[in-house]
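Take a look at the structures below.
Paired with subunit B in one complex and with subunit C in the other, subunit A is shared by the two complexes that follow.
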Partner chain A sequence: MTTLMKGTRWGRPELYTDYRQEMALLNTRSKKAGTIAIIALAAVLPLTVADDLLAILYAGLILAIGAIGLNLVTGYAGQVSLGHAFFVGIGAYTAAVISGDPDDRRLGYGIELMPVWLLGAGLAAALCGALIAPVATRLRGLYLAVVTLGLVFIGQYLFREFREISGGAEQSRRAAEPTLFGMNLTEDGAWTEEQKLYWFGLGLLIVMAVLARNVARSRIGRALQAIRDRDVAAGVMGVDLTRYKVIAFTLSSFYAGICGALLYASIGSFTPERFGLLMSVQFIAIVLIGGVATISGTIMGAMLIALLPRIAGELPAFVPFLSGSPSEHPNVFEFQEVMYGVLIVVFLLFEPRGLFGIWHRVRTYWKSFPFSY
Partner chain B sequence: MTEFLGAVSGGVGLGAVYTLLALGFVIIYKSMQVISFAQPAFMFAGALLVTYLTPQIGFFLGVVVAAIGIAAVGLVVERLAIRPMVGKPVFVIAIITIGIDVIVRTIGGAFVGRDPRQIGDPWGNQTFDLAGVTIYQRHVAAVVVTTLLVLALLAFFRWTPIGLAMRASALDQEAAMAQGVSVGSVFAISWALAGALATVAGVFAATNTGGSMDRNLWLVALAALPVIILGGLDSLGGAVLGGLIIGVLQQLVAVYHRDWFPFLDTNLREITPYLVMLVVLLVRPHGLFGTKEVERV
Partner chain C sequence: MSEASGSPVLAFEDVHLSFGAVKAVNGVSFTVNEDELFAVIGPNGAGKTSIFNVLSGVYRPQQGRVVLEGRDLLGMRPPAIARLGVARTFQNIELFANLTVVDNLMLGRHQHLRYGTLAALLWVGRARGQEVEHRRRVEEIVEFLELEQWRKMPVGLLPYGVQKRVELGRALAMEPRLLLLDEPVAGMNLEETEDMARYILDIRDELRIPMIMVEHDMGLVMDIADRVMVVDFGTPVAIGTPAEVQRNPDVIRAYLGGDPDVEAAVEAGVEAAIAAEDEGASA
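Right after this comes the complex of A and B.
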């Protein structure tokens, strides 16, 4: 028996002898093999998949980073935030300003070194999160949701108002261009722009996801989940509510900032109108569809939401009454927007644990195969 | 002074719209402790329905029919999407209402078309002078209708058996149930009422901009969320007073923006309600008239 307990084991017996073992990242051998297989598959994908689809997948990878941030504050800590788009916007503009061309009409410092503007974007957003958190910690539940909703509108106002940064309402500004090892990722070279961006996004997502997972299974993560389950009880157990809520908001905003800095790298530019309520709803949808308080689920949800326009675009060929042009109704753009709502409602009604829940059920079915009822 | 009073009269007209919306929010909140983020969509759909009905059956009948229609939509939504979730955490229900909002609003948006639609109200841009102050008829109409509706609601809660049941279940759901109150029908009625109120609010939100509506009308309803925060989530009186305060403040900022905030280019009007809300929440986290949550540790 003792040899069985050591190290990782095959999936079947869920017998843990210590806490460390239960909390391990890849606690079973099949999980380890599966994760390696998925990462390997994701890494070779750009060699076979068309570039336009890769650009969508890149957006999905970056959305996943932002959604993981929202999941930390909403999923793990239970603080519903509708203001995620604001922090994404802060990240996008900070990155654009730091790396922007100094001779341009808009403010830019011309520091093209990626770690500088990427971290700068994350930290600027985190700072905003930390500034807002004290307000947020005074509020609970739906009051918080309404206040963060107000934050989106105030943020959009600020983005429009600071013209030297954004150019004003409905004016676009160039997004920061990622460069790695002296190679501009947004220019075609030995590999195409989309391939390079995809690989970069994949690498960054893995780093950020592991980081989030580690936070979630550490002291901080346990404190956040205690606050979510019952804040009074958490307080009684000695969890400093204010401190951990501030940590949750700051971390979540950091992720949002990173997401914002990179989200428009492949499109090339963005306007203040991007960071509206719809984006916040999109992030909420990702978290709910993927699975509340799961990292892997969030990535699945982000991919689904990112692919939704593409799926919708293919539909007119199969569904005769759906039109591909925006001037006719019903068209694919409306379908796509309706789907955000439909997916939220359907998942909450029928599969509250999201895509992760479906996966979990499939996994349990095979695990206990002959007796899976 | 006349400019100031003119702004106040416009603000009261706007405040009437916020009051109607806020009443819908508060009624739903009192019955099921949830903020319904679907109110903007109901308001939008209601105003849209009126633009289609007015050419057929006239404006006033159109508003009544549309209000009944949206109340019916509210009933259906409540039965299909909200009722199965009773007992789940409130934030889950609130997010479902966000989903419903997106669905209803997008479907409605398909019927708007490219140009703004005319609501066909009889007031238009007509004005009259009162002691030198120019007052728009549409604002008077909004205030009169809102006052009548508020009085009717108060009477409804005070004297009808259903109103009594709603008050009872707002006070204590289990005790009300034990006394034979059908809590399910209380939920249904509160959603229907909120839908009908949102329709009337949507009509006046459209007349406030000169009688036309476009896809962005729903944003007005989101500005009613600060109103209920200001007034307190569970206070009908707070909704009325909060609506008036926010409406008047917003209109004053719109008119005096250049004098008060010369350093800001974009008019602060749009975000005034949210800024007021932030300040109020810092001072009084439960709004002006909201019930303070008792927390025993």
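Right after this comes the complex of A and C.
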């Protein structure tokens, strides 16, 4: 009897007796084990990895938060937005203003408490998103993309011209410094700055990713995907298109704001020029490379994009015709210039479902191993 | 014309809808009763789909009344009419192709799930409780339409006949008071048609949902419909049981384009022959 019960429990892990089990985020044993293993591995990484690489990984973790936001509006709701950099900029400046030095010639309120400026950054960006969203209810597809592209240029102008906030064109402003339990994460202590920032970024990303995943599997996420797949039918099902597009843009911008507030913590400062079209393209690249409408894919994509310059820097050692010096052609720096474009084209042509698609194929293969069907 | 059995769920009263000079619906009146499968037939362009579009709020007629359970639907937008319990399937499948069968059916229940964005973010309490509860309700429909093997498949990958069934399921998931079926067996083979006929009869007899069906498959309509309305050029030609409608000379003319007097003569001849045969059999 005991062996029989054991058999049913262990031998058929996907035999659910309750919808709660089936609908859980980690609804199989292998998903549970895999997730725990990845998180554990990610958590011990700072003990073995050099600080300069950790700073890159921190940027990847924070980029992932912003890219999850873009995936909510573009991947799930199908509203192509090229204006993501604008919302990231709003977040960065809001955080800098709230936490900034009040004695500086630029605006600053000196509130260094992290929950305040982090939430403030998210909410300010979310508010901008909610204000922009009604445009999306009138436009679709390419037209929306072009309008949101305009947003980037308006943002560039605003960030440069509001001198009391940004200091003007090409003026750098100090980024907000994350503090946790009274410990400033950007100062070396028992752990180095990079280690502390990395752990903080990892923890925050896990929280934000789980929240996004929850939205995606809820009635909200289903409504967004219904709008993407067939908006007329969604209306007949009783999905209020305007309302859900506003929700999508608001949530997306909130994620962008959080990303902006933290993205420059390890570098220390940023200029208005950061939030240009290139950043928006970078986020689009993360979503396309990682996988449209997947959260885990987005994280993979963000890590790849963050590590890409580093990987490219190592390439001359392996690729004979690529030079490491800028005076020779073709060199690594030229390669870095085109690689977002190349990667987007390659993934769209050969793996439209992104890194998640590759992972999915591997998983399916091993599920049925050794049979190929 | 046959008497209405039971009380009417829907009353369509003298509806006129025109686009410029084209009279799409020209004075159509009918009622649909509890537990009734009401079919609308007619040649192409007769105004069948226009009647559906008036019912679901896509078109607004110039004249007439559409009353569902005592409430006038005219002037309401499609989502509001959906909320009152009018569900429909489409002639060309309008499913959410990237979502699984279960998610498509859950979208049918969108109105019935009530929790906000914050609850969705945290997936606790109301959000999770309602998701589990409605997932169970959706499973009843999966079972009813025998969709078990497709449950977790994106509907875009499913065969045509199954997609039609999923769309029917999505409409059922809305728990409608009235179900509109726009050509439920269009493009189906015999086996798929027979399956669909069985599901439609089950919906009438077990779920007791009144239905209006537009269909070109005459065999199906005459076999399963309780009453049939024939429309031609936006004008109702006849309403009655399938047998009554088949004998109606106006219907024969609309379909065959023949001379009514000749048709009537043929009809009389056939009936006389049948009567003679009956007499012979009884004698």
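The rule we apply is simple: the second predicted complex is superposed on the first by the 334 of 373 C-alpha atoms of A that agree within 3 Å, B and C clash if a C-alpha of one lies under 4 Å from a C-alpha of the other, contacts with A are read in each partner's own complex, and residues count from 1 in each chain.
Here is the rule we use: contacts are C-beta pairs under 8 Å (C-beta built on N, C-alpha and C of every residue); 3 or more make two chains touch, one makes a residue touch a chain.
Being a predicted model, the structure only gives us computed values, none of them experimental.
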*Fit-or-clash call for subunit B and subunit C when the two complexes are aligned on subunit A*: fit
*Given the touch rule stated above, what does A:Gln225 touch, subunit B (first), subunit C (second), both, or neither?*
second
*Using the touch definition from the top, say if A:Val239 reaches subunit B (first), subunit C (second), both or neither.*
second
*Which of the two partners, first being subunit B and second being subunit C, lies in contact with A:Tyr340: first, second, both, or neither?*
first
*Put subunit A at the vertex: what angle do the Cα centres of subunit B and subunit C make there, to the nearest 10 degrees?*
80
*Now for A:Ile284: first (subunit B), second (subunit C), both, or neither, which partner does it touch?*
first
_By the touch definition at the top of the document, which applies to A:Met23: first (subunit B), second (subunit C), both, or neither?_
second
_Comparing subunit B against subunit C, which has contacts with more of the residues in subunit A?_
B
*Can A:Tyr143 be said to touch subunit B (first), subunit C (second), both, or neither?*
first
*CA minimum distance (subunit B, subunit C), superposed complexes, angstrom*: 5
*Shared subunit A surface residues [contacts with subunit B and with subunit C]*: 232, 235-236
*If you look only at subunit A, which of its residues touch subunit C in the complex?*
18-20, 22-23, 211, 214-215, 217-223, 225-226, 228-230, 232-240, 247, 251, 293
*Contact residues on subunit A for subunit B in the complex?*
78, 80, 135, 138-143, 145-147, 149-151, 153-154, 157, 160-161, 163, 169, 232, 235-236, 277, 281, 284-285, 288, 327, 329-330, 334, 337-338, 340-345, 348-349, 352
*asked:* Residue numbers of subunit C touching subunit A in their complex, please.
replied: 56, 78-79, 82-83, 88, 90, 94-99, 103, 106-108, 110-111, 113, 115, 117, 119-123, 127-128, 131-132, 135-136, 139, 170, 174
*Along subunit B, where are the residues that touch subunit A in the complex?*
34-35, 81, 84-85, 88, 90-92, 94-96, 98-103, 106-107, 109-111, 114, 222, 225-226, 228-229, 233, 264-266, 268, 270-271, 273-275, 277-278, 281-282, 285, 293, 295-297
